[in-house]
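Shared chain: chain A. Partners: chain B in the first complex, chain C in the second.
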Partner chain A sequence: MKFYVCIKQVPDVNAPLHIKDGELIQDADRNILNAYDASAIEAALVLREKHGGEIEVVLIGTDKAKETIRKALAMGADSGIFIQADTDVQFDSFSYAKILSTFFADKEYNFILCGKQSQDTDAGLTGSMLAGLLDLPYVTNAVGLEMTGNSLIVKRQGDAGQELIELPSPGLVTCSNDMNDPRIPNLKGIMQSKRKPVETIPVNDLPTDSTAIKTKILGYEVKPAREAGKKFDGEPDEIARQVARLLDEAENVV
Partner chain B sequence: MNLNLLERTYDLSFELTEDHQMIRDSVRDFVERYVAPDVIERDGKKKFPFEIVKMLADQGLLGICHQEKYGGAGFDTISFCLAIEEIARWDASLALTVASHTSLGTGHIALAGSLEQKMKYMPDLTSGKKLAAWCLTEPGSGSDASGLKTTAVKDGENWILNGTKTFITQGSVGHIYVVLAKTDPTLDTKGISAFIVERDWDGVNPGTPMHKLGMNTSDTAEVVFENVKVPNGNLLGEPGYGFIDTMKVLDGGRIGIGALSVGIARGALEESMKYAKERKQFGKPIGDFQAIEHKMVNMAVEIDAARLLVYRAAWLKDQEKPYTKEASMAKLFASEAAERATLDAVQIHGGYGYTKEYHVERFLRDMKLMTIGEGTSEIQRLILSREIKKDLGYYS
Partner chain C sequence: MSTLLTYISVNNGKIKRSSLEVLSRCNELAQQHNLISAAIIIDKNASEIAEKLKAYGPSVIYIIENPVFNNHLNTPLLKALSLAIEKIKPKIVAFASTESTKDILGALAANRGAASLADVSEFELSGTGVKAKRPVMASKIISSVEANDSLVLLTVRSGSYDVSTQQADSNIEEIPFSFNDDELKITLKEIISASGDKIDLSEAETVIAAGRGVKDEEGRKLVEELASVLKAGIGASRALTEAGVYDPSLQIGQTGKVVSPQLYIGIGISGAIQHVSGMANSKVIVAINKDPDAPIFDIADYGIVGDLYKVLPPFIEELKKVKSEK
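So, the complex of A and B:
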């Protein structure tokens, strides 16, 4: 079994950050492995422990992001592909998918696992777009994976409940962070990760249409603070009357 | 153009390497997920946390700076300091367990052990299957460690060990004891040797855990050795070199206490900042008052200074350069900085800081060991006085 896991480095949303003049400023400059991707790696590691196989992680990013590949290797992935991008190019979901599809075009694999979205944009598009470009069957929002023969039985969280879907190889799954509790790299893993192979591919070596970038982030805005709610005083039936009157007067409520 | 600038080498670096950052981040993640949540409850119950120690062992934290061939993770002393600081940030007792196991008991075997002894004992210790306890202090000999009364008398293929050790970390839960004993009563410090003793040998009597001011979930006990037969092969290091090796082990141990102190002080600052933001008096957060701001600034400056002293001592040890003076300075300054920081943290928290609802009262109690263990502040000043007099030509 060969698994690819697509991973991304994102700003640590728990570290201090703020928005200034439409730009996101990271006060602590702390970047982490996207939590959904961490769940995808964990899922692949569990499958490998049970059924054997090989896990390769793929990351598109600037040189700074390469450290996130090491984190994945320290968790237990076997090798990494670093698709090296320039600092001044801002990719969107489609361009990420396009670059990845070019990379995967001549690769052999059983399953590609992705996080269902990334914590920085929460767009949740790249995985599905990649499956589309590669013409692969795919399942989104997976909360559980089991292997039977050459297929994955994917438990996915749907609107009405959990669905079980059989996904033949080769296929693609986008993983929810509800699927598992990703392991924290142990010290031996960190030591071994130094010796694992990471291949660097400059992004320009992957022939991708320059018009692949379809959208652009114009700026960031701080979400306005929620307005204070209204407090009601008095006896219960009086409060009920007040609330009913308010709802009656408000537009589009009752 | 200044040519000196061009030729300048950049050996001195204040940046952590990628390895160091990964270790710090992974230990921090681990501690925040598994150690921090129940630390107040554990402190109240005062029980040795076997489960968490086992989890730390699985993370490789009980052999962090020991060689891979002996089952360790093979990292350097700075990595060790980073890990100890991260654990001590939330749970100083647990950090003490890791530091003493790693740098004292196991550290002495790594320093002085024969290849056979290391192959026999270290894999179980670095993997945490067994815990090490280092037995130096006795009821009658603390700072004056050379005055120890425990004896080991040669008897054919064995040594017969007799004596009482006290304040032994992992004394009641340990499996492997490294014991210092007099092997030649006619000599002073040169008559002291070290032995590796196994818990289940006849005559090894671990006491019950002691009740302490703080460090409640770190195990401290008396251990009595009564006619214990120690095979010749368990003499650790050269006969008569036990005290010399002990001084080296203590130098390393002081780096650990320094890192532990930095962790406690950082906890004091971080908890104070959080509280100062939440707590409002006179219509604004108390963190807006200069009296509180200055306390926190002092903490931050001293934490950084202490950490740099600790890293320097660790770096010298890794470079295999002398570091007695630097380790002592790091331990002295860091422990006293932690003392000031934890006192101020309780003060900032006011009445709440005096209760067990908040972390800072525990920090204060745990901190007090830092100015006592591995040589009191007074002993550090004694060592440092000798060192600086030597450096500045007082004796010549």
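So, the complex of A and C:
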């Protein structure tokens, strides 16, 4: 089995943020492996442990994103592809999907795993776009993966219940972080990652077209914070009754 | 005249409110810009549902009716939408943001070469496309985005617009559709039904959300009792869906669902940004937490500092009283 996992480096949403002249600035330049992609790597590792195979990660990003490939290799992926982008291009999900689709055009694989969304933008588009461009069958929002023969049985979180779907090879899955708890690389993994192969492909070497960027960011604003209301501290019986009354009399919501 | 097309989400024969919100917004835009607001229903009982939809004012209701739409599967839905787009040539197709529509948005955009905007909280027509706002960075930041393309696909967060009724003499037009099983590519083996899908969380007027502080059977009983007094939907934080205590479809937040009820009551929930991202648009927020420094108190209108096991029984009792006085 050959798995590709598409991974992205994202800013840590927990780091302090502010906006200057419409640009989003992070006080600390904290960048991490997208949590949903970490779950996709973990899922591939578990399948490899059970059924054998090979895991290659693919990342499009600027030079500083290379460390995220190392993280994936330290978790246990076998090798990495670094598609190197210029700093000044603002890609959207469609352009990432286009670039990935040109990369995958002449590759052989059983399954491509993506995260269900980017933690910073929550777009959730790239995975199924890539499937569309490569004309692959796909399942999104996976919360469980099992293998039978050459197919994956994907448990997908739907609107109400969960759907069990059989996905033949080759196919694509987008993974939710509800699927598993990604392992933290240990020292051995970190040491080994340094010897694992990473191939660099400048993005301009791939036949991409500039019309692939379909959406433009016009600016950012901080979401107006909700104000803290009243805090009730004291005898539980009393404050509970007091708030219950207020929800009726002051708010009319019960 | 070009068309703004709203996809109507249907769940067990019922129209999802969030798609009526989107339709109402498209009606308004169509009026402002002298365009046609149309809706499309893709369901095994589409014609029946079309009759109900007339009350919400689209000029045309397109229907695609086929038993294959009994359950959600991306392949037939993509085929149906592609066919509809070819026929109607809309300027935009707007969807309520649900797991089913998020499943196909990217692939449909890729198949049609269209621009797409996911999970927007506001949208308007710009000269040649669509301008929208979308929450990013776990909803701490709002980004303004623009898509200029002859076709723009977008999904809209629930609770972003009000539903307006406006009886219309809508034309109902059926789009012929056929589907062979060998086109399916993927196979639905089984649906594992959630125990908690009686009340659709994203539409509930009142939501009770349980977090890690709800430790045991006794705690869950209290949560259930409160929910039944308030006729509320029960949701949960990731701490409890991950632990298998509540069904994953009940998760509220960045990975889970967005809710925007009149009243949200968070019980034993710390208020991590990834949770808050899914409930910050609730009208009134109540939090019960024993830690006075829990971040959820920064956004709660009513913060009750205390042990939920001590607070909930008198809270429930008082609410019962309030209810019985009505």
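Definition applied: the second predicted complex is superposed on the first by the 226 of 254 C-alpha atoms of A that agree within 3 Å, B and C clash if a C-alpha of one lies under 4 Å from a C-alpha of the other, contacts with A are read in each partner's own complex, and residues count from 1 in each chain.
Following the convention adopted for this analysis, contacts are C-beta pairs under 8 Å (C-beta built on N, C-alpha and C of every residue); 3 or more make two chains touch, one makes a residue touch a chain.
Note that the structure is a prediction, hence the values are computed from the model and not measured.
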Exercise. Looking at chain A, which partner touches more of its residues: chain C or chain B?
Worked result: C
For this session: State whether A:L17 touches chain B only (first), chain C only (second), both chains, or neither.
Result: second
For this session: With the two complexes superposed on chain A, say which partner A:I201 touches: chain B (first), chain C (second), both, or neither.
Result: neither
Exercise. Is A:M1 touching the first partner chain B, the second partner chain C, both, or neither of them?
Worked result: neither
For this session: Based on the superposed arrangement, let me know which partner A:L187 touches: chain B (first), chain C (second), both, or neither?
Result: first
Exercise. In the superposed arrangement, does A:V46 touch chain B (first), chain C (second), both or neither?
Worked result: neither
Exercise. In the complex of these two chains, what residues of chain C are touching chain A?
Worked result: 11, 71-75, 98-100, 102-111, 114-119, 131, 134-149, 185-194, 197, 200, 206, 230, 238, 241-242, 248-249, 251, 254-255, 262-263, 273-274, 280, 283-286, 292, 297-307, 310-315, 317-319, 322-323
Seminar exercise, completed: The chain A residues in contact with chain C across the complex are 11, 13-14, 17, 19, 24, 93-94, 97, 119-133, 137-141, 143, 153, 155, 157-168, 171, 176-178, 214-223, 225-226, 228-233, 236-237, 239-241, 243-248, 251, 253-254
Seminar exercise, completed: The residues of chain A that touch chain B in their complex are 67, 70-71, 74, 184-191, 193-194
Exercise. What does chain B use to touch chain A in their complex?
Worked result: 18-19, 21-23, 26, 29-30, 33, 58-61, 63-64, 68, 73-75
